[in-house]
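In order of appearance the chains are A, B, C, D, E, F and G, and numbering begins at 1 in each one.
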Amino acid sequence: MASDYLPLLILILLAAGFGVIAIGLPALLGPRERNKQKLEPYESGIIPFADARRRFPVKYYLVAMLFLIFDIEVIFLFPWAAVLRDLRLFALLAMVPFFIVLVVGFLYEWKKGALDWD
Amino acid sequence: MDWLQLLVFPAIRALILIFVLLTGFAYLTWYERKLLARFQVRYGPNRAGKFGLLQPAADAVKAFFKEEIIPNHVDKPVYLLAPALALVPALIIWAVIPIAKGTPAIADVGIGFLWILAVAGIESYGIILAGWSSNNNYSLLGALRSSAQMVSYELPLGLFLVSILILAGSFSLVELVEGFRPWWEWIWLWLAFPFFFICILAETNRSPFDLPETENELVAGFQTEYGGMKFALFFIAEYVNMISTSAIMATLFFGGWKGPFADQYIWLGPIYLLIKVVILLFLFIWVRASIGRPRYDQLMKFCWQFMLPLSLVYVSVSAVLAVFLK
Amino acid sequence: MMVETSYYLILAAIIFSIGATGVLLRRNALIIFMCIEMMLNSVNLTLIALARQWGNLEGQIFVFMIMAVAAAEVAVGLAILIANVRHRQSINIDEINLLRW
Amino acid sequence: MEFGDFLKGASEIGKAMGVTLKHLRQKPVTVEFPHEDIPIYPRFRGRHELRRYANGLERCIGCCLCEAACPTEAIYVEAAENDPDAPLSPGERHAKVYELNLLRCVFCGDCEEACPTEAIVLGHDFAMANYERKDFVLTKEQLLNPGMPRVIIRPE
Amino acid sequence: MPLDVAPVFRSYETQRTLNPPGIPALAPLPEGETEDLQRIAGRFRDDFLAAGLHHGNQVVYARPEQLKALATFLRDDSQLQFETLIDVTGVDRSELPLDGGARFQTIYQFRSYSRNQHLTVVTDCRSEAEGNGTSPHVDSLTSIYRGAEWPEREVFDLMGIRFDGHPDPRRILMPKNWPNHPLQKQAPLGGEEVPFTFTWDDPEFDTLGTQILAAESAAPDLPPGMSRQNMVINMGPHHPSTHGVLRLVVELDGERVVSIDPDLGFLHSGFEKTGENKRYKDFVYYTDRMDYLSSMSNNLGYCLTVEQMLGLEIPERAQVIRVIMAEMQRIASHLFWLATHVLDVSGTGMSLLMYATRERERILDLFEMACGARLTVSYIRIGGVWQDLPDAFVAELKDFLRLMPQKISEYEAMVTEAPLWQERLKGVGFVSAEDALAMGLTGPMLRGSGVDWDLRRDRPYSGYEGYTFEVPTRDSGDCYGRFTLRLEEMRQSVRILEQAVDNLPSGLYKSNNRKVALPPRAELDVSMEALIHHFKLMTEGFHVEPGFFYHGIESSKGELGFFIYSDGSAKPYRLHVRGPSFNNLYAIDHISRGEMLSDVVTNIGSIDIVLGEVDR
Amino acid sequence: MSWSLLFFLLVGAVSLAAAFGVVTSRQPVHSALFLLTNFATLAVLYITLDAQFLAAAQVIVYAGGIVILILFVIMLIGGETNDFSAAQRAWSRTVGIALGVILLLVISYSALSRTMATSEETAALLQGGTPKAVGIELFSKYVLPFELIALLLLVALIGALVLGRQQEGAGEGIPSVKANE
Amino acid sequence: MGIEEKVPDGILTTTLDSVINWGRANSTWPLLFGLACCAMEMIATGTARHDIARYGSELFRASPRQADLMIVSGRVSNKMAPVIKRIYDQMLAPKWVIAMGICASAGGPFNNYAIIQGVDKIIPVDVYVPGCPPRPESLLYAMDMLRAKQGRETIGAGRKVEEPLAVEEIMPLGV
C-alpha cells in the first residue's frame, strides 16, 4: 500500500541529491576565468540577431495538444486492460464505442492534415 | 526497527542502484566508443589504462575539474534545474524492474507499468527546460523538436505497454516475469518488439532519432549552452536511459532475469539480466553505426501515421486474443 | 495512523484560495490558466480525500473523469488563447475581450 | 506509410546493418603512431636537412639559389668567402648564415630542386611540433644535424 | 594587424623593369573570324570595337552602352544560344601604358552548351566622379543572367567596379567596412616580413599570444529582404555542417526556410592578389590550397592555361599521367564528399564515413608515393609533371582499381536504397535545367538537372578525347539525383583510369622546352646552357606573351576556370579563378527556399562546396 | 504527532509553497514549474489517500501532458510578461486578496467543524485504488460516462484543432508578446 | 580560482595535480572547427587510419562550451579573426590551442592583406605544428606534445590572461 511507495520516494530524493551534487560540486572545483564573451550566447561565433525566445510555429502546439488528448485515452485503457481478464466480453464490448470514437478522431485529424508535418 | 526497514534499507538499496547505474553509464560510453570503433575498422580508446578501460575515469575527472559557467542570458534557476531533471527520471525508472526472482530493484508497486509511463512522461522536461532556459536559437529549436518527438513516441509506447499489460494481466513487472506464458503469446509479443524498440530509440533520443542533438543544423541542439559537468549530466541521462530502457525491454520481452537455474540460484538473476541488457545495448550501437537519421518531419509523420495506427491495431488484436484465448 | 481527512480538506481549501486569488490578481492569461488548473486540482484532492472517508471508489472515478475534462479544457482553452494572441498580440487578460473578438 | 514500404525499408536497413557487421570482424586499419613507426614513401617531403660531403665539407656553396626559388621566402642565406685554410665547403664561398623559417615553408621542394649542389634536401621528419614560435627558425646547425625520423621507408 | 606593410621585394625578384619595353596597353587585338562573331557583327554593325580570335578564344570588345543589348542578343538569338554566363571578372590596367583607354575593364565568359561554343566579351568601364576620386561602373547583367549576381558582387568588392542595376550591391568577400578594394593595383599586398633570427628582437614577437583582442560586440546587420517577424539564425561561420567557414543567415518560419543569405569571405586569402605578385611557377603551389580537395585538378587547370598562353606542347606520357592524377583526384574528392554528405545527413555514428575515408586514404597514399605529399600535391607543373611516376605506382593503382568498384557497391548497399536516406534526399534541393543554366551552375549540379555537358568530353583537354567514358546525367534535379550521379562518376573515373594505366606510353614526363621546364639534373653538370636556364628559371622565371586567356577544365565540382591577363612579364598581371563552388553555392538560396532547416544541410552537402575555393 | 502526519505536513507545505509560487512568479515558465511541483505533491498525497492509480494518472496526465502543453504554449508566445504592473485596476487586487481570505475562512470552518477520522476498514474498501479496483468500478457503474468522455475528447480535439490552425496559411508563427511591451 | 586556494601545498596537491592532469590529457575533446586545407588532415586524423580516438579525443564537439581544445586548422582571415576570438572566449577553462599548419602558426604562404599572420596574434597558442598541411601523424605528435604540456600544469597556477584590448586598438581597419 502507501508504504510500498516510500522506497520510491527515497530513490527519487537520492537521485535528485546526486543531481544537485553533480551540478554544485564542479563549481567549487573547477578553475574560473571569466570574460564577457563567455557569458554571451553562442551562435556559430556570431552575435545573434535577436533574443531567442521569440516565436515558434503553431505546429508544435498541435503536437502537444494531440498528445495530451491521446494520452488521456491511453490512460483510460489502463483500467480497462486491468479488468479485461475478469469482465471479458463485456469489457471488450464496452471498449468498442470508445475505440471507435478514438479512431474517428484520429482519422479526422489525418484528413485535416494535422498529421502531415510538411 | 521500523525505521530501519522503512528508511535505511531502501536508502542503501537506492544508493547501490544509483552507483551501479553510474558505473554502468561510464562503461557504456566505453563500450560504445570501442564498439563503434570496431564497426569502423579502428581501435577506439586504448591509451588510458589497458584497452582504454580507464577512459571513463579520465572523462569524469576532466568534467569535474572543468570551469562551470552560468551565461548571462539564461534563466538561471531553470538552467541549473534542467540537467538534474533530465537525469533523475533516467535513474528512477529502474525502481520497478525485477532483478531476480521476486526481487524488484527498489519496490514492487501495484502500478509498475504506469510507473514506467509516468517517468517516461517527465523525461522530456529536462530537454524542454534546457532549451528554453538557454535562450539560444539552436537550443530552443532543438528542445522543441526533441520534446515534440519524445511526447509523440510516448503514445505508441504507452499503447504497446497496454497491450503487454493485457497479455500479462498484472501491473507488476515482478509478476510479469514470473508468470507463465503460452508459446503463442511469446510469438505475438516478439512481433511487437521491433516497433517497441523504435519507440525506445525515439524516447531515448538515440541515433537514428537523435535529432535533438543533431550536430548538423543545430550545433548541439538543446545542449549547446551547457558545458562541463552540466553537459555531462545530459550525457549521463542519455546513457543511463539506454541502460534503463534496455532493462525494461529485456524484462518485457525476454523474461528479464530468467534463465537456466535462475530460479534456484537467486544471484544468477542479475547476471542474466546484465547479459540481456548488454546484448540490447549492442543493438543500440549497431543501429547507430549503420543507419542514417530521418528528417524531423519524417520522423513525426512516421510516428503519427504509422506507429500510432499500428499500435492501435496491436492493442485491439491483443485484447481479442486475451479474451478469447486465455 | 491515518491522517484525518479534514487536514486534506484544509490543504485543498488553501490551495483553492491561492488559486482563486491568483485568478483575480494576475493579468497574464497563461498564469490565470494555471491558477484555474490548480483550483481544479484542489477539488480533486477534496474528492479523493472524501472518497477515502466514505470508503467509496466513486470519488476516485469522479476525479478520473475530471482529469479527462480538464485535459479537454486545457486543449481548447490554450487554443483559444493562441488564436487570440495571434489576433491581438497580447496575452493580457484585460485586452482580451471575447465578446469583441 | 504502407506496411509494405516498411518491410522493404526494414530489409534495406538490414542490408546496411549487414555491411557494418561484416566490418566488425575485420582487423582495424589503424596505424598506431606514435607507438608504431609509420610507413612513408621516399618522396615524402618533410623537415629540411643540409647535407655534407663524405669528407665532412658542407655541400652548400652559398649561391642563394634556394632562397630565390622559394615561393614563400622562407629561406635566408648569407654567403661569405671561405677561409682558404679551413674551408667549410668546396669552392670559394659558403653559407655564413643559413636559416629556414619552418612556419613559412610549404614543403614544395623547390629549394631542393634549385640547389645546384644538392645541399638542401627535404627529409622525412614530420614530427616538428613545438611550443614557441622562435623554435621554428632552423639555423644552419639544426639543419646540418637532423634527428632520425621515426618512419619506415616504403619501397617506391 | 599592420595592414600597410609594404610587400617585401628582394633584389633578385622579377621587377617591373625586367618587363620587355613597350607593353601594349590593350592585349593584342584579336584576329580571325567565326560564324558567331560574324553574326554578332551583323547585328551590331559598326557599333562595337573589335571581334576575333585570341589564343583560340572568340573575343568581342564591346562598348559599355552595348553590353546589355549584346548579352540579351547572345542569350536569345536562336543561332547563338549562349545560355550561360560562366564568369565575370575585371582588370585594373593602371600599371599599363593606357594611352587614354579606360583604366578598368570587365571581362565576361559566355558559354553555349547546346552549340558547344565559348565567347569572351571585354568591356571598358565608364568612370564617374565620385567623392574625391572616380569610380568605375558598368551595367549589371543580373537581369539577363541571374548567375551574374555573385561574380559581379565579387568584382565590385575586390576591384571596386560598380554595377548599375545590381539588386544587391554589397561586399561579398571582404568585411563590410574594409577600407580599400584589394585588387586595385595601388592597394598594397600587405603581409609582413618573414621572421628569421635577426628579426627576433622585433618587439612584436614578445606580444605574441598576449595580444588578446576583444571579440566583436555588435550584432551583425540583418541582410536586406529579411524580416524580423521571422526567426533569423546564423549558421556558421563556426558550424559543423557548413563545410568550413561559410556563414548562412537563414530566415525561418518555424522549420521552414524563407530565404538564405550566404555570407562569404571568412576564408578569403587573397589568392588572386598573391598570384599577381608571384612568378608563374610559384602560383602552382597556391592552386593546391584553393580547392584543397582536388589539388590535382587545380594544378592541371592552371598549368593548362599558362601552357596554352605559352603555346607549349606537352609530351604524351605527361598527358596520360595528368589524366590519371586528375581522375584519381576526382574519386578522392567524391569520396570525401560522400563521407561528409553522409555525416551531414546521417550523423556522426555512421560507419560509411569511415569506409569512404579509408578508400580515400589509399588514393592519398598513391599521391604521396608519386608527389611526396598527401593533399597539397603540386604534382602537375607547367610543362609536365614534377617527376616521373615511381615504379611501384602502376601496380598499386591497378590493385586499387580492382577493389574500387566493389567498394562503391558496398556504399550503395548502405545508403542508396535505404529508406531513410531516400526520404532525406529525394525531391530535396530541386533545381530545373533552365534555372541551372541561368544561375551558371556547372558540374554535377548541372548534369543532375539533365544538361548533358562535360568539358572532358565536349571541349577535351589533356587528351581526354582518347578515352571512352560516359557522362552520366540525371533528370530529377534533386539531391538524390546528384548523389547517384556522383557515385556513377566515380565508376566512370575508374573506367578512365583503367584505360589510362593500360596505355601509359613511355617518354618524357615534362616538356623539353628549357625556357619553361627545368632541365634534368644530370644535364646541369655537363651543360653550361642548362645551368643558365636553371638559374634563370629559378630566379626570374619565364615570361609570357602579352594577352589574356580563359581556360576551363572539369574538376570534380564543376567548371574550374583560370583567367590570366599577361603583360609580358614573368608574373601574371591579373590572375582570376573561376571556382565552381563559388558559382554553385549561389544556388543554395534558390534550392532551399520553402524546404526544412535540415534540408539546408543536405543541400550544402549536395552542392559539394569547398570554402577555400569559394572565398579564394 | 505520528510519522504519517509529519509526512503529510511536509508534503502539504511543499504543495502550498508551490501553489504560492504559481501565483507570484513573474516568469510564466517558473509558474509552470511551480505548478508541476504542486501536481507532483498532490500525486504523493493521492498515494497516502489510497488512490494509487489516480496518483499515476495525475503524473501522466497533468505532469506529462498538461504542463508540457502549457510550456509549449509559453514557448510559442514567448510571454515574458511582468503583468503586476499591468493590473490597472487597483481594486481588483484588494478584492482578490479579500475574497481569497474569506473563501479560505469559510471552507476551513466548514471542514473543521466536523472532525473526520477514517477507520482502516473503510479505507480498505478502496483496495488501495489500484487500476483494477478503479477499472471494475468504472466498468460496472460508469460505462456511459466513460463513453461520453470519449466523445468529449473528440469534440475537444476538433475544437482545438480548428482554433489552433486558424490562419495557419498566413504564417505559422505567432508574434512575440514581448515585442508588444 | 576555486579549489586551488583551499588546498594546502605539498604532496596532496602534487598527487591531485597529476590525477587531474592525467584526466585532462586523456580526455581532451577538440572543437569541431575546420578552416581550410589543414582541416581535411584534421578530419583524416579522426578517421580509421589514424584514429585519434585512441587518446579519447574523437569526440569533436561542435559547441565551444563542451570542447577543451581548439585546433586552428587553417588560415585565419581578417573577417574570421573576431569570430575565432569569440569562440575561443566562449570555451570553458582549462582550454588549449593547437595552431595546425603554417597558416595558423604564422600566416604561411599567404603573406598578404587578407590573412592574419599567425593566430597567436589573437589567441594564445600552446603548440604550433608546421607543415602545409601537417600529416595527420604530425597532429598526433602535436597532441602528444600537448599532453606533455598538460602534464606539467598545476591547478594552482592561473593561465596567462590579460584584459582584452579594444578591437580598434589592434585592428584599425578590420571588421
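Throughout what follows, a residue touches a chain if its C-beta (ideal position, glycine included) is under 8 Å from a C-beta of that chain, and two chains touch if they have at least 3 such contacts.
Being a predicted model, the structure only gives us computed values, none of them experimental.
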Two chains sharing the most C-beta contacts: C-F
Central chain (distance from its CA mean to the mean of all protein CA atoms): G
Computed distance of Cα centres, chain G from chain A, in Å: 39
Inter-chain centre distance, chain D versus chain E - centres from mean C-alpha coordinates, in Å: 28
Centroid distance [mean C-alpha coordinates] between chain F and chain C, Å: 5
Between chain F and chain D, distance of the C-alpha-averaged centres to the nearest whole Å: 71
Per-residue multi-chain contacts in chain F, two or more chains: 48, 50, 53, 57, 60-61, 64-66, 68-69, 72-77, 128, 130-132, 134, 138, 149, 153, 156-157, 160-161, 164, 172-175
Residues of chain D whose C-beta touches two or more other chains: 13, 16, 19-20, 23, 28-30, 32, 71-73, 101, 104, 106-107, 133
Where chain C touches two or more other chains, by residue: 67-68, 71-72, 74-75, 78-79, 82
Chain E partner contacts - residues on chain D that touch it in the complex: 5, 8-9, 12-13, 15-16, 18-20, 23, 29, 40-41, 43-45, 64-65, 67-69, 71-74, 76, 99, 101, 104, 106-110, 113-114, 116, 122, 133-134, 137, 139, 154-156
Partner chain A, residues of chain B touching it in the complex: 6-7, 10-11, 13-15, 17-18, 63-73, 80, 83-85, 87-88, 91-92, 95, 106-110, 113-115, 117, 121, 132, 134-140, 144, 148, 151-152, 154-155, 158-159, 162, 165-166, 169, 171, 219, 224-225, 228-230, 232-233, 296-298, 300-301, 304-305, 308-309, 312, 315-316, 319-320, 322-323, 326
Chain C-touching residues of chain F, taken from the complex the two chains share: 2, 4-5, 8, 12, 15-16, 19-20, 22-23, 25, 28, 31-32, 35, 38-39, 42, 45-46, 48-51, 53-54, 57-58, 61-62, 65-66, 69-70, 73-74, 76-77, 79, 81, 83-84, 86-88, 92-93, 95-97, 99-101, 103-104, 107-108, 111-112, 114-118, 120-126, 129, 133-134, 137-138, 141-142, 145, 149, 152-153, 155-157, 159-161, 163-164, 166-167, 174-175, 177, 179-180
Parts of chain C lying in touch with chain F, wherever the complex brings them together: 1-11, 13-28, 30-31, 33-35, 37-38, 41, 44-45, 48-49, 51-58, 60-61, 63-65, 67-76, 78-83, 85-86, 89-92, 94
Parts of chain A lying in touch with chain E, wherever the complex brings them together: 36-37, 43-50, 54-57, 59, 118
